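Listed next: structures, encoded as structure tokens.
Okay, so chain A shows up in both of these, paired with chain B first and chain C after.
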Partner chain A sequence: MKKRWTLAHLEDRAMRTIMQLASLVLVGVLAAILVTIFIRGLPFLDLDLITKTPQGGFFLGGEGGILNAIVGSLLLAGGGTLLALFISLPIAFGINVYTGASRLASLLRMALDVLWGIPSLVYGAFGFTIMIAFGMRASLGAGILVLTLLQIPIMVRSMDEVMRMVPSELSQAAYSLGATRLEAAWSVLVRQALPGLVTAVLLAFGRGIGDAASVLFTAGFSDRIPTSLASPSASLPLAVFFQLGSPFPEVRGNGYATALVLTVLILFISMLSRFLARRLSRNVIR
Partner chain B sequence: METQIKIRDLNVYYNKVHALKDINLDLPRGQITVIVGPSGCGKSTLLKTLNRFHDLADDTQVTGHVELDGVDLYAPDVEVTEVRTKVGLIAQRPFPLPMSIFENVAYGMRIHKLARGKELRDKVKHYLEVAGLWDEVKGRLNTPARDLSIGQQQRLCLARGLAVEPEVILGDEPTSSLDPISAKFIEERLEELKKDYTVVLVSHVLRQARHLADYLVFMYLGEVVEAGPAEQVLNAPKNDRTRAYLQGEFY
Partner chain C sequence: MQNTQDSKLHTQARRIRKDELAARNYRLAASFPLFLLLIMVVGFFLRTQPLLEHSSVWEILSGMQWRPSAGEFGLLTFISGTLSVTLLALLLAAPLCMLTSLFLVEYAKRRALTAILPAIDLLAGIPSVVYGVWGLLVIVPLVPQISSFVQPWLGSIPLFAANNPTGYSILSGGIVLAVMISPIIISVSIEVLRSVPDGLRHGSLALGATRWQTIKKVVLPRAMPGLIAAIVMGLSRAFGETLAVMMVVGNTPLIPRSIFDPGYPLTALIANNYGEMMSIPLYDSALMGAALLLLVIVIIFNLGAALVLIRANRRAQV
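This part shows the complex of A and B:
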């Protein structure tokens, strides 16, 4: 019974070391990014930055803040997420409740995977082409629509994954009580998958709020807070992009501070998603 | 014996597999019918024809007739959700719905608009009592059903099924996932329930069949080999296969 060093033991030990190193790389990268943003951005983060819109010459080091981008991003991503939800939930339902393991379902899944992989810049360019055809200008509304397209694949596929994990016996329990497919879907599938569905929505929101390329052509940029769907809208990723490209150190600092705001927003969303998922899983059958 | 369920020329195909072959059976009202046979003989498949559960699978085809009190459940104008309220099913493993204990029992009554308000609360209590669960859960009706033990969950599923006022209760090996004490409890409930309901069980436990069955069906390779009053089939089987099975030569 004495401990021996066999090949299996060595493999086991080696595998564990590789795993730990890989995890360390991941955590290290995250830490490095956060530290960079914090060190460079924190000195420039003040109340003015998040409560004021850019005044004259802000991008040349002048007065003002990025409130336009904060509000713009929240409106863009919020609107996009809401619209995407109205389209994604029926698709996810359809795949899991009505079409089952059919060819249509696998076709839809493949289409969504392809859409997921398309670069957001292409979505932006696509949106821009359509806008030109209709003679539209860059606006909040157009930005929301393109973000909706960008968010649908990630939302549907995440919803699809959590719905697929719901044991079929649960829906069968509802069917055996005489429930219709829709009744079973609402009462069983949605309740059981609710924590995951919320995560899917917030994941899509995260992708929407962090994306720059899709809103570049479609929402444009503006120093003002948008007053209607037709007015152009600023966004945080683009604000970061514009400021970081500046030759003025002061403006670059504001760029890091803007990135910090965006990062904190995303951190908040991901924590909210975890919190909600825990709260909503009270009745979930394991 | 009065027949309640009449099965005529019933065939079931999974894709190309001929799972049930020309089944003809008369199942008695107000008694416990137990379907026995070796694994894969089609017991569960037969049971699932009685509440049209095969409708849920695209690749399963059912031909023939199942009549409940003279009404063909497979007639084109029959509403399948109504079939499933008339013929309740207790599954092999209990799967409570992802909601509270109270809502689990109330669920069926809500979707079929059978009761509301105080009447609903009274009925939930009533069916929990019938299932023998009331005393254990009366103080925590609003807690998640998943926190119950597996034996309690199976009784909850029984209460839930009874709440939609079925006439027939199907059980697909309803005690096989339970510990012996919980299993005995469910068996006792089923024996009491046959006063008011027709019960059809699938079982691979011969002891259970001997104990519960009033009417026994022995199946082998998708066919009914022998069916009749339990006493007769158990004590004087006419078929050699039945006898071999009952003597434990295969299972």
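This part shows the complex of A and C:
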């Protein structure tokens, strides 16, 4: 039978072509970003850049590297993630295990969604106000605290989504064997949701490493690797930002290379999260 | 025998006590987000108070003059900067993202979707500063060429007038933001579209509808609230973005008339002036007011999206 071409078919074909074009443009642009960062950053990337701290006049085209920013970012995001984990897990339990499907739970989820949407600059400004109130200076510790606040909604909301996915029959089976809610939460829910929980933690870690506006005023910037929680700390995104503002081409080049380091770090975290999630999902009962 | 019975009861009581203690602590912890939100709003409001005693809300929101040393704190220039960049980003990103996610879910092969999904999630995690670097390297040099290309046709329309020889413009900011938020929008939209039951599609196709008719009449009405929520998520990211925009938008305190004009968003205002704000009275208060404005608008966006979702869910249940 010959296919009849109606207006509807033509419309379908036309929309399909438009969608294909839109997808191509978008995927092309997104791929082009990674290619641009690699092509422009790679020529400036050498061992010195990632193993040395800035020497005298680094921001005027002098010798040195960005080790201070790499270590600073890892400390800031690592500290923030650790603190946020200790706060987020109880919150996620509180919503999921002890509040249930009530109206309160959906109110709390809404509050978390709003918090997730708040610009990181606003968190930075908030942190800065608190710092001034307590007479603190820009420091690694203050940066970690602000990142913690920024990471909590991301972590809790992702953990919450995974915990909701766990079939309630599993917890009910534990209850029927006499387990309390606490025991069921730790031994059934956590184990069952573990791959998702790890993903949530690494997602928050990635956001913490990449965020600049929140640490701009709270962590400060320093050419030295921080020695204590009270000393200011550099971070990769801010290092990129400051180097790109320079009139010297070599310094801007280092900025491109720094952006490349940051991107590779994020890609690595993303892959690690995928790998761990697959590894850990072997313990999950389906 | 009696003894073991006793100790058993004892452990049981201890376990239950432990659970009740945990319930109290975890519930307390769960209220933390609400508490934090409240503290942030109240805190910013208190810090803005000195400015509000000095001039009215309307004066601040509609004032064009930003001269801290003269005691004038009009935010209109910066509000218009933020709005124009965000709006442009939304106009560019929303249609492209909707079309792309529809194509990936409704037309493309399952295998293509599962291959592309991790890449999209990965791009959503790329720091905004990297998008800023790309904007500086690619978009800013490109914009003057776009401008001179469209001048012969559109130059007489004020929206496209070329008064700015550099590429640091609203358009650059809009493009960078649009690209930055599209992985997020696509990722959420795909999730939403996939949650539409396949049975609905099959029913429509079995009645002889084309795929596009199915999308138009069956899939989109069902998925609309979720898609709106996805766009709002992207919108609030674009709205609050700081460094990526600051790098490409020009930071000139003028109300932009054309997409090729430079602008000065609220976020850039706060970030650029933080260091010196303590020296002039009310300056700090005005910047906190700008932060409060950002906070309030994001809260309104999110509550609006949540209401749309809740109403849609209620309708779906009936």
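Methods note: the second predicted complex is superposed on the first by the 257 of 286 C-alpha atoms of A that agree within 3 Å, B and C clash if a C-alpha of one lies under 4 Å from a C-alpha of the other, contacts with A are read in each partner's own complex, and residues count from 1 in each chain.
The rule is short, and it goes like this: a residue touches a chain if its C-beta (ideal position, glycine included) is under 8 Å from a C-beta of that chain, and two chains touch if they have at least 3 such contacts.
The model shown is predicted, which means the values in this text are computed figures rather than measured ones.
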| item | value |
| --- | --- |
| Touching partner for A:Ala212 - first (chain B), second (chain C), both, neither | second |
| Chain B versus chain C as contact partner of A:Phe93, first or second or both or neither | second |
| First (chain B), second (chain C), both or neither touched by A:Gly28 | neither |
| First, second, both or neither for A:Leu267, with chain B first and chain C second | second |
| Which of chain B and chain C A:Pro43 touches, first, second, both or neither | neither |
| Partner chain in contact with A:Tyr175 - chain B first, chain C second, else both or neither | first |
| Of chain C and chain B, partner touching more chain A residues | C |
| Which of chain B and chain C A:Val240 touches, first, second, both or neither | second |
| Contacts of A:Pro249 with chain B and chain C, given as first, second, both or neither | neither |
| Residues of chain A that lie at the interface with chain B and also at the interface with chain C | 180, 183 |
| Chain A-touching residues of chain B, taken from the complex the two chains share | 51, 53, 56, 58, 81-85, 88-89, 91, 93, 95-100, 107-108, 111-112, 144-146, 157, 160-161, 164 |
| Chain A to chain C touching residues, read off their complex | 8-9, 11-12, 15-16, 18-20, 22-23, 25-27, 29-30, 32-33, 36-37, 40, 87, 90-91, 93-95, 97-99, 107-108, 110-115, 117-122, 125-126, 128-130, 149, 152-153, 156, 180-183, 203, 206-207, 209-213, 216-217, 237, 240-241, 244, 255-256, 259, 262-263, 266-267, 269-270, 274 |
| List of chain C residues in touch with chain A within their complex | 15-16, 18-19, 22-23, 25-34, 36-37, 40, 43-44, 47, 95-97, 99-100, 102-104, 107-108, 116, 118-119, 121-123, 125-134, 136-138, 179, 182-183, 186, 209-213, 215, 233, 236-237, 239-243, 247, 267, 270-271, 274-275, 287-288, 291, 294-295, 298-299, 301-303, 306 |
| Contacting residues of chain A [partner chain B, same complex] | 100-102, 167, 169-170, 172-180, 183, 187-188, 191-192, 282-286 |
